[in-house]
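Have a look at the structure below, then the notes.
Chain lettering (A, B, C and D) follows the sequence in which the chains are written, and residue indices restart at 1 in each chain.
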Amino acid sequence: MEEAILEVKELNIEFHDHELPETVVSDLSFTLHKGEILGIVGESGSGKSMTALAIAGLLSRKDMEKRGEILFRGQNLLQCDRNMLRSFQGDEISMIFQEPMTSLNPVKKIGWQVEESLRIHHKELSKEECRKKALDILEGCELKPEVYDMYPHELSGGMRQRVMIASAMICDPEILIADEPTTALDVTIQEQIIHLLLKLNRKKHTSILFISHDLSLVRRLCENVIVMQHGVMVEQGSAEEIFAEPREDYTKVLTGSIPKVVLTEERRERLLRSLASGTSKTDPRQPLVKTDHLYSYYRQYGKGKVRKVGVLKDVSFEIRPGQVFGLVGESGSGKSTLAKALTGIVKDTKGEIVRPENGFAMIFQDPAGSLNPAKKVGWLLMEPLRIRGIRDKKEMQQRAIRMLEKVGLSAEYMDRYPNELSGGQRQRVCIGIALMQEATVLIADEPVSALDVTVQAQILKLLKDLKKEMDLSILFISHDLRVVYNMCDYVMIMKKGEIVEQARRDKIYFTPKQQYTKDLLNAAGLGDLSITNEIDQEK
Amino acid sequence: MKLKRFACVLMTLTIALSGLTTGCTSGDKDGKASSSITIGIPQDLDSLDPHKAVAAGTKEILFNIYEGLVKVDSDGNLVPAVASEVSPSEDGSSYTFTLRDGVKFHDGSAVTAEDVKYSLDRCAASDGDSAPLVPAFSNIKSVDVKDAKTVTVNLENPDTEFLANLTTAIIPASNKEPEKNAIGTGPYKYVSWTPLEQVVLKKNEDYWGEKAYITDVTIKIIADGDSIVTALNGGSIDFFARLSADQVSQLSGDFTVYEGTMNLVQALYLNNAEKPFDDVRVRQALCYATDVKAILDMTSDGKGTPIGSSMFPAFGKYYTDLSNTYPKDIEKAKALLKEAGYEDGFTFTITVPSNYQPHIDTALVLKEQYKEIGVTAEIQKVEWATWLSDVYTGRQFTSTVIGVDASTLTAPALLSRFVSDAGNNFINYNNADYDAAYARAIKTTDDAEKTAAYKECEKILADTAANVYIQDMAEFVALNKKYTGYTFYPLYVQDLAKIKPADAK
Amino acid sequence: MKKFKPNASLLAGCILVGLMLLMVLWGWIATPYDPNAMDADLKFAGPSLSHLMGCDNFGRDVFSRILQGVGNTFIVSVGTVAIGVVFGILIGGLCGYYGGWLDEALMRCNDVLFAFPSVFLALVVISLIGPGKYQVIVALGIAFIPSFARMVRSEFMKQRNRDYCLSAQLMGASSLRTMFVHILPNALPVILSSVIIGFNNAVIAEAGLSYLGIGVQPPEASLGAMLSDSQSFLYKDPMLCIFPGVVMALMILGFALLAEGLTEKKK
Amino acid sequence: MRDVIRKLASMILTLLIVSFLVFLAFDLIPGDPAIAKLGTQATPEQVASLRAEWGLDRPFLIRYFDWLFSFVRGDMGYSYHFDRAVTELLSGKILITVTLVIMAFVMIVSVSIPMGIFAARHQGGALDKSIMVSNQLLMAIPPFFSGILITFLFGVGLSFFKPGSFVSYTQNFGGFLFYMIFPALAVAIPKIAMCVKLLRSSILEQWPMDYVRTAYSRGNRTMQVLYRHVLRNAMIPVVTFLGMTLADMVAGSIIIEKVFNIPGIGQILIKCIEYRDYPTVEAVVMLIAFLVVFVNFMVDIIYRILDPRMRQSS
């Protein structure tokens, strides 16, 4: 094992902004070795980000107490002089953050921001040298040199995260702290960033402290893993150990919450049979939802004329009663636009749309945003009834309470405001409101993406139960192939407004036809499940 | 950081500049105070053209630049000016003038009979296109040049009072732009006029009469009434006419305050054609309810002359004191109201122009006084232009507080407006006795009879309570003690030529 | 949920505003003296036990006039803001919610109104409808619409694209219901603080109009009118301007602190 | 570029509507220019002939379009009240008002920006608190009253300048500038207070942003973070405010000009409204409206320079 480069000993972080001190990290100790990639895994509130910020020297609020030691180059970063700390920041220890969209200064050019650490720590370098180094590192991060003179808003999320990495790596730091660096990115982009980090780690021998909630990601990237919960280290060990044989209960729950993609023998048989026959069973029932060669546009204003820009191109599909229809795609694939076109919010469309009699109800990705923050939960639950013209207060109240219970919340939540609820609770309320509308088809647009894995599992279970109980049809939109596998019977994959592939679930997952589908599966770590090769061999 | 430094530089610059300039400003006044004076006037000139200027405030300044064939002296008498001799015809149908020798315009040219004819014709608009600039000149039949020094004015209808109108300025026929370049014959020459800022005059060294004492006169326009006191005390101006009692009480000790009268008839003018003021008893009731002395005490420390009719003391022989016609008597007022059917009082509106604070103040006191007889007055401030068109011209009002002045020092200037069919009879006064008495006064050439007839007119106005007459307001003039010699005129005139440095003899 | 913790600004603001409201009420119910009663003997009388703040140039009791003036200033400001807010919400709401040509057209009108010097606007409106308390409210109210409309518009635009609006539309809520039942409560905090600031601007604007001689009609008092009238006697009786000046400053200060306290609390 | 043209077109449209409304307003309000000019001694014949001379006897729309065409050709008409061409009248006065506004603006920028930064830097400190409290007080003073106070303090009390004695810039430019410092101060004070408050809160709003954390993570000092990163972002709302302030001051100079007896365009406007001198009123309002619209336009452009995100979308 290489020499230890960073030692954290008995780290404690407490907040004092409330009446009772709140401990966010307690007695955390670990060591980071030269060239190691160490993962810290935990759900929100586990203290993983606080730890990262403490190491990076970015926790300096007055109402906060930090105890313990963070040893780097013989200095305790918690105690040392600010100038000393500053001389490490950006030069020896650098950091990249979760939100590449907001982590760059919007009004400064990329080149200026990438070079900044050089200007601060290597004043001896001339302007030209700085520029050259910046261009080099940009190239190393697989960015074009034109980026140097661009502004952040002109780049995509993935590119911005590369810029962040470039600016963090420009001084060849000893330690790179990556705080959820891929969470906000599409799976394929995520994959590229992971590769970039690995490449840099190997080439420059930089130690990486990788913080994430995504277990499968950590498993693929890190050598060693720390699992945290409520500020306490639950388990520590090599990545393989932790995932293969978790010792602690929490770790087990955590790993168990990852939706499994497994092809049972029975289903394998069925899949092979249907593949052999070449035809799939057609559902005799009338489709509830149907689109026929659907196109949609949005109008771009300004620059003198109104321009119609196409979003959806030639989209045709059907949803049958009782079906859970999975719609997978990355950002910009048009999956949300499709949902809006179906519901009629996007009006500028061409092509036939068949809508169910009772219309759609919808659940959104961000439960905080889709609940009116000015209203109480009870009011929100009753709103669909009110709109339908029901005036009886008592009846409405009873129905709302019944619905709350149905989604796993007690009646006391009637008088709460959305911001007093946790993310999972909010999403439950959203589902409740959607069900109150008594629509035939429920559209769930990334309903669990913003939630922690354990909560995610609960919500998915709730949706499944409700589906069974109420015989719902669901259009389930997600970028997460594992989740989709768990929920859906039928899957459609979209890219840039066009359908790439649609078929029964197992067909898509185990015998993908299109390259893009394969890419997606690969990025999700599901690429090796394909049985296409086996089939070919059998033939 | 850059911004901050930039700001600092700017600040220093500003301060440096200001330091520089204080040196400049303070120097130019003190040394030769005696040969220059700065006076303040409340409103800007409306024109430099003496025939087109209508505002009293303009005319009182132009008095120093222009002269007519005759002009007014400080006693209100007409004295020859550009003309040296006036000979009216017996019946008052023509006036012959002999021009004074050696009268020169400010541009150096001598005044000729042609200039006189030009000036008078211009005002009479004898080319017939437009209305005469001086309304009274519609009576001029012709202006004849007899010889280089003699001019005769012939009238359509004989008028013994016509001479008063011939104070109209004589201007050179050669000056094509009188509105831009003021050329007259007065004791001061026009130098410059910057609108809303100032007018600069210079002593006319070639003046035919008694020359002015002070060489340079700067007339500053101080539009905001509240800054007058500050401007006087602060030394920006040395002279200001028509101050209120309150303003005077706030002056520093550097000023001599002259006290005179405004020479106008301040009254609550009542629309005699409108209910309830079409009833003489109601008008009288208001008169009885009015306590003029209290008004004076309240608004001007008791200064001002109570009057009882449309005539003020400056008119001398025509004036009789009628201010005691209606002594304050609440009971009588109430009785009159009861008689007229307004036992429970009534509500009426007093319209006042918003730019004349003294009239607003008077209206405020009146409102309080009328409460005693159960009459509610509501005060409505209107802009001057609105007052002119709605109240004065349109006669759409119930009552208004205003001061009516005299354009010339002749009784008709005040009394003609109450003749039933007079164009400017804005109160709609209608009284056959009055019409007869006034006609008698105009016709006669006998001075005693004329005076008696005018006095009868005044008495009728008072007895029928045409308006609630209040006062001829007190006028205060502040002059810096460095100067002396201010002289009151019975008309709107500021004679700057009489002001002299205090140390000069 | 955090417990309600009053901060210093909010507390001070509440106290001052409460005091003001008390004065307003007092002025409406009864004043120690008739605020218009004149007395020549009391001209420029200094503060005394019988006349707390002395008397003015007509011998009127200044304290009584201040009570009346606070009331009038209050009515004018509330009225002005009410007009501004109601029309501002209507115009701004429609523009922000619907966008498109309606937005273009209404915002163009707004620009026109904005391009007018507000004092000029008030002068013209007063000339048109005559002077007086209620006319001043109308004149100032019109001048206040554009800024409110802009603010409401941008707030509605921000809220319009939030998921909860889509969600309301999906439930079948009408546009009006979405605008006023769903969006408006969320825009209220922002509107509230600009209402308070608008109130202060109205107080100052009323004072400005009084200074130009087109405020409330005499003899009625308003703080602005008293302040501008007192100017003529600055050398003689500076107290005359100090009292209304201080009361006005405290009033504005109170509302400003209240607004700040409310925004602080929100955070 | 297209955007700029679009903006310009809408500017012109705005100005056209403003001009029409002013014309309409003056047709509706009571008071006749000819009567106002001639005063109490006028006879109906005089009034009629003056109305004819000024063309007031023609129908409203003809008068408007006649005015508009002359205006477009650069002829603003003849001032009834001042008895001279409007162009000649205004050309001497614009500089006065513009000087007042610019001086006040310089004061606002040069005082409030350092002060706002200071207050934000020392947020919660005693000095910050006292700045904020005095800010609240300064905002609570009506401008005309602060004008009077300044006259009293600097003019009467300290004799720095002679109250009411406006110095014409044609006579003594230095004296003119010096005199203008005080009214500019009166205009600037409440605006400075507002601007300090805005800048302070704008900086504090930027502080929790992610990019600030990034800047710290590169080893920037707080001052460096402030000046290199936060300030430009924080200035964006301040620029809008400053633009509005500039426009506001042009229009609001009316009152301060009256207090300090400055013969600027505000004073002219008041006088000309009083005397129904509508060619002048029309010209002044157009001028002010133009300045307001133009300043908004400039703000838009500065916005684009400050915030690259604005350059892309319209």
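Before moving on, here are some points about what is shown:
Throughout what follows, contacts are C-beta pairs under 8 Å (C-beta built on N, C-alpha and C of every residue); 3 or more make two chains touch, one makes a residue touch a chain.
This one's a predicted model, so the numbers in the text were calculated from it and none came from an experiment.
Just to note, of B-D and C-D, the chains joined by more C-beta pairs in contact are B-D. Taking the mean Cα position of each chain as its centre, A sits at the greatest distance from subunit C. In this assembly, the C-alpha centroid of subunit B lies 37 Å from the C-alpha centroid of subunit D.
Measuring from the averaged C-alpha position of subunit A to that of subunit B gives a distance of 86 Å.
For the pair subunit C and subunit D, the distance between C-alpha centroids works out to 22 Å.
Computed centre separation for the pair subunit A/subunit C is 48 angstrom, with centres defined by C-alpha atoms. Across the assembly, subunit B contributes residues 230, 233, 355, 383, 386 that each touch 2 or more other chains. The set of subunit A residues touching two or more other chains is empty. Shown for subunit D are the residues in touch with two or more other chains, namely 29-31, 258, 273. Contact annotation for chain pairs lists A-C, A-D, B-C, B-D, C-D, with touch applied as defined.
Residue ranges on subunit A touching subunit D, taken from their complex, read 56, 58, 86-91, 94-95, 97, 99, 102-108, 116-117, 120-121, 151, 153-154, 164, 167-168, 301-304.
Residues 29-33, 35-50, 52-53, 81-84, 89, 92-93, 103, 106, 109-111, 113-114, 117, 151, 155-156, 160, 162-168, 170, 172, 174-175, 177-178, 181, 227, 258-261, 263, 267-268, 271, 273-276 of subunit D are the ones touching subunit B in the complex.
Touching subunit C in their complex are the following residues of subunit D: 10, 13-15, 17-18, 21-22, 25, 28-31, 136-137, 139-145, 148, 152, 250-252, 254-255, 258, 269-270, 273, 285, 288-289, 292-293. Interface residues of subunit C facing subunit B in the complex, by the touch rule stated above, are 36-38, 40, 43, 57-59, 127, 130-132, 213-214, 217-219, 231-236.
Across the interface of their complex, subunit C is touched by residues 225-226, 229-230, 233, 246-247, 249-250, 294, 297-298, 354-355, 357, 360-361, 364-365, 367-368, 378-383, 386 of subunit B.
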